[in-house]
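Shared between the two complexes below is chain A, which has chain B as its partner in the first and chain C in the second.
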Partner chain A sequence: MTDLLLDVTQQLINGLMYGAFYAIIGIGFTLFFGVMKKFNLAYGPTIMAGIYLGLIPLYLFKMPMWVVFLTCVAGAIVIGFIVELACFRFIRKGHELAPLITTIGMLILIQETVVTITHALPYEYPNIFGDESLDLGPFLVRPDYLAIFITGVGFVALLYLLVNRTRFGRAMRAVAENPAAAQLLGVSVKRMNMLTFTLSSALGGVSGFLVAMTFGALQPGIAGWMTIKGLVVIVIGGVGSIPGAILAGLLLGVVEFQAMWFLGFTYRDILAFLLLFAFLVLRPSGLMGKPAV
Partner chain B sequence: MEYYVAVLSIIGIHMLLGLSVYLVAITGQLSFGQQGFYAIGAYFAGMCTALWGIPLFPAILVGMAAAGVMGFLVGFPCLRVKGLYLGIATLGFGEIVRLVFLNIKYTKMIGGKLVGPNGAEGFRHVSYIYDRGMTQVQYLGIIYAAVLVVAILIFLLERSKLGVKFRAVEEDEMAAAMAGINVTAVKVFAFTMGGFVAGLGGALFVHYSTYIDHEIVALPLAFSSAIYPLLGGLGSVWGPILGAAVLIFLTESLRVLHEFRMIIYGALIILMMTFRPRGLIDEAFLRRLRGLRRRRAAASAAT
Partner chain C sequence: MKRVIRIASGLLSLLLVLAPGGVGAFQEEGTLRIGGMWALSGPAAYIGSSSNGLSSLAVDEVNEAGGVMVEGKRVKLVKYVYDDACKAEEGLTVVRRLADADKVLFSLGPTCSNVAEPVFGILQKRLGDASDTGLQFLFFTDTAIKFGLAKISPWAFRNVGNEPQMFDLTFKLVKEKFPDLKTVSVAYESDFAHSVSTWKGAVKPALDKHGYQVTEVVEWRFEDTEFGAQTTKLRKANADILVMLSHTFTTCGSVKELKRQRVKAKLMVGITSTANTETMTGCGQAVDGLIIPTNFAAINPKAKAVAEKAWTKYKADSNLHSVPAYENIYAIKGIVEKAGIKNRPETLLQDRRKVRDALAKLGTFQGLIGPIKMNGDDDPVKPRDVDKAIILVQAKGGQWTIWWQPPEMK
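== the complex of A and B ==
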């Protein structure tokens, strides 16, 4: 009995820490949706491309890890701009489904570019935290997971300040509320879109850098995987809600880790999708969303 | 020659996938999960011929029925959500189906070969049509006969009272409900029909390729089957047919570019959607076409 309790708690700790990554992707999607009222299915590929760009200084120039980190974040931001330009900027208004398809096109484009350049070989990503777990009483804490969690908490605090305490945040909320009115009052919607893309790409770059280390080996398939996790998180959390995305990310992490431990690795995704279905059927507005979608 | 037959076969099968997305889409529902029904159709029809010795046509019907029943069942929970939520929900459904087939093992030794769904190994040796001496060209005929029948049925559906109800639900659910249309029934019916058609596509595919595994029905198929009708246009049944033909034709003709093929494919999707956000055959085009036909009819009546 105590063993079971220990296992559950251990996986709870892992799940919460890993879930911080899901929460950050969810926040990225929520920011896009809040400001642009559109989904960006190329968000996962953006993060993936950033991670891969980080490999360039590492493998070609043997640079230290902080350069890799900066390249990763800068790379994600640049790719984010390209996505905005290619998939959103030139789509005329009133075509809801078109950006969905253009971002799918971008997903294929980015993923295949990386596949071509890397010859589809998995690349090793060094883990700067080592693989020694920290002892915490009877529990083990993986340092890379801990780093993800701490970064996630830091991001949430920063975002809270940014959204609620700064001019930028106020402008962003104004655009989210009513773009036309915001434009009339002198907020450049176009500029806000760019800034939102920068912000969410940077979030993705930082968390991507950390999560890449937990993988060990990188492969381009993580692009679609991250997009799907992000979509699952925002639906469970309620579309457009940042607190919802945080809660849903943590919940998803916990459910997945419990499933992996008790049922086996392949049940991780099955349980994640069943959780999604449960929410869609029982509470379609999500944890924190407004009712009636 | 063989190569062209292969490309045409795949185009026909993917037209069925596009049509199944279209059937759901004309009630205003977006599905990224039709590849799940396709997988169910393929596995069930494949098991019928390869394991249980059932002839081809009843086997295809069993595959379709299994997928249709699943469509019916999925239709209900999906009623509660709309738009992109539904897209994500159906994507989840498709992935669950894929993961289930990744885990299922049900094999028999038949003629010295291990036949049946074998987890990650996939489902091999569904060689019914080739065992009976059918050529690929003959099978191509069967595929296009199926496409033709489905397209005609959808064409007739759209000109029936039910089709008007479909479009009414797409336009405005609330108004449709007020006009006495049973929105629930329409949506679940659309999902069931979509399941049938996707199941038919899967059943035809597995007998064509003799093989199916979970990789085939993963995300890329989900995306491309949703892209066909949206790229072709949701205004008429020609949309998904043209979308599938254009996209696969492009992919194949880009083969000379080797590894850059898929990169350019992605770029072309972006470009086409930027210039024709309502699809290649959009409503404006259809209106112009209708106008042209009317004018020609008027001209011939005058002479």
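== the complex of A and C ==
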């Protein structure tokens, strides 16, 4: 019984820590949808490209990890800006599904560009937290996972302040609520969209830097993985809801780890997607989303 | 209007099929067309790119030495290469293109067994049977290693490792050198054909044969990044030997997780495909101690020179998958010069058949580190596959070192 309890708790800790990463990706997707009412399927590749750009100072100039971190964030912002320009800005109003297709195209374009440049070779990504686990009583905690968890909590607090306590946040909420009315009140929707992209991409850059360290080695396939996880999280959490994305991310992490431990690896995705379908059928608005009228 | 579109698309398709072929090519042009299809993008690209590079090196060398003698005339090798991205549907498109549009004599590749299986499946099954409309197209594969793939069609030949034999030897040697090691844990990629077949068809029988007790088997995917739960299971099993049947990317991630969870097996054995430079680049010293059976290591001056040239010229790693692409070009060159092919578009099918038949009767040919024996059509166990020397390498200080090699090679 004690053994069982220890196992459940260990996997719960792992799931919550890893779920924090899902939550951060989910928040990024949610910001796009919340403000622009559009899906950005190129978000995963944006993060992936940022991580790869971060490798340039590391591999070519042997620069320290803080430079890698800054390059990763800056890289994600630049790629995010390109995505906004190519996939959203010049798409005419009334073509709501067009960005879905353009961002799928961008997903493939970015991924294949990285594959072509890197020949899809796995690149070692140094982990500043080392390869040792922390002892927490009878449990082992990965310091890099802990960093992701703490960063996730920090992001949530910052976002809360930004959205609820600043002029930018008010403008963002106004655009999310009613872009036409916000425009009439003097808020530049175009500028808000761009700032949302910048914010989400920066968020992606930070989380990408952390997650690349947890992977240890980097390959372009992570873009597709991040996209799928992000979409699952926002559907379970409720499309457009930041608290929903947080809860869904953590829930997904816990479900995956418990499934792997008790049922075996193959059940990880089966249970995760069963959860997704259960929400789509029984509660399409997700954990925290507004029910459709 | 619909009719116009239909006619236009029909013409366009015809052009696409005919354009690359061009009736004036082949012998008149002084070229001999050969093909290659590998995973040049996606997670397995690092394997396919090296095969492509090694085969390009062989083509360069052959052409610089004057080319291939066909009907008393020296012709240059021209290589047509496509990316199948390690995806079956891409592979099926590419093989049609190589066979019908590019009209190549034969093809190297594919990289992945999950591509080779359906691709070989559309080849002719019964030689010379007019009712069998399967594709009459020759493969001389360098990489797809899943056991028994060449049995699918008499047009499929392979110069790849024999994993059941390789792992049998590995565990025999391990038993001799470390008789105290009794228990084994295994990790494999359950969504990757090579990994699954290695576990079920090569490693498990070898472990059973040599009397090892398997205490835990865990799975992950070819592109997985999280190994926490599986590693905890491996830690609990606490086996003497850990067999990691996962490819480079997952190997790197999982060995780091092993370290994190303080799993210290007394010995680690890896899958054949991981004995490459990419593993060292991606995993660093985390793989130190890993032992892998392979068919290539730069153990003689010729092998060293080829490996250096391939890296300098094409950034291609020389390993058990890529070196056969180099060897196969030379083997085919020798066959073509003796088989009496015409090298004309109208004789293409006959030429392919002549080369196929000669390849089936080739017997022993020279590989980079030693002789390679091609089994004929009548081999009851593995027709059209090869037998060649096995070497065991070990990761040490960021490099592959020889752990064991046949006494006759020393």
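To be clear about the criterion, the second predicted complex is superposed on the first by the 291 of 293 C-alpha atoms of A that agree within 3 Å, B and C clash if a C-alpha of one lies under 4 Å from a C-alpha of the other, contacts with A are read in each partner's own complex, and residues count from 1 in each chain.
Rule of thumb we're sticking to: a contact is a pair of C-beta atoms (placed from the backbone, for glycine too) under 8 Å apart; a residue touches a chain by one contact, two chains touch by 3 or more.
Every value quoted in this text rests on a predicted model; they were computed, and no experiment measured them.
Chain B and chain C, once both complexes are superposed via chain A, clash. Using the contact criterion defined above for the overlaid structures, shared-chain residue A:116 touches chain B and also reaches chain C. With both structures placed on the common chain, the touch criterion links A:74 to neither chain B nor chain C.
Of the two partner chains placed by the overlay, only chain B lies in contact with A:90; chain C stays clear of it. In the overlay built on the shared chain, the residue A:266 is in contact with chain B and with chain C. In the superposition on chain A, A:107 makes contact with chain B only, while chain C stays out of contact range. Within the superposed three-chain model, A:12 lies out of touch with both chain B and chain C [touch as defined at top].
In the superposition on chain A, contact of A:217 is made with chain C only, not with chain B.
In the superposition on chain A, contact of A:280 is made with chain B only, not with chain C. Comparing the two complexes, residues 112, 115-116, 266 of chain A contact chain B in one case and chain C in the other. Listed in rising order, the residues of chain B touching chain A in the complex are 30, 77-78, 80-85, 87-89, 91-93, 95-96, 99-100, 102-103, 219-220, 223, 226-227, 230-231, 259-260, 262-263, 265-270, 273-274, 277-278. Within the complex formed with chain C, the residues of chain A that make contact are 7, 10-11, 14, 18, 112, 115-116, 119-124, 127, 131-133, 140, 142, 214-217, 219-222, 225, 257, 260-261, 264-266. Across the interface of their complex, chain A is touched by residues 41-46, 49, 190, 218-221, 223, 225-226, 228-230, 232-233, 248-249, 252-253, 256, 259-262, 278, 281-284, 286, 315 of chain C. Residue ranges of chain A in contact with chain B, taken from their complex: 39, 86-87, 90-92, 95-98, 100-102, 104-110, 112-113, 115-116, 224, 228, 231-232, 235, 239, 266, 269-270, 273-274, 276-277, 280-281, 284, 293.
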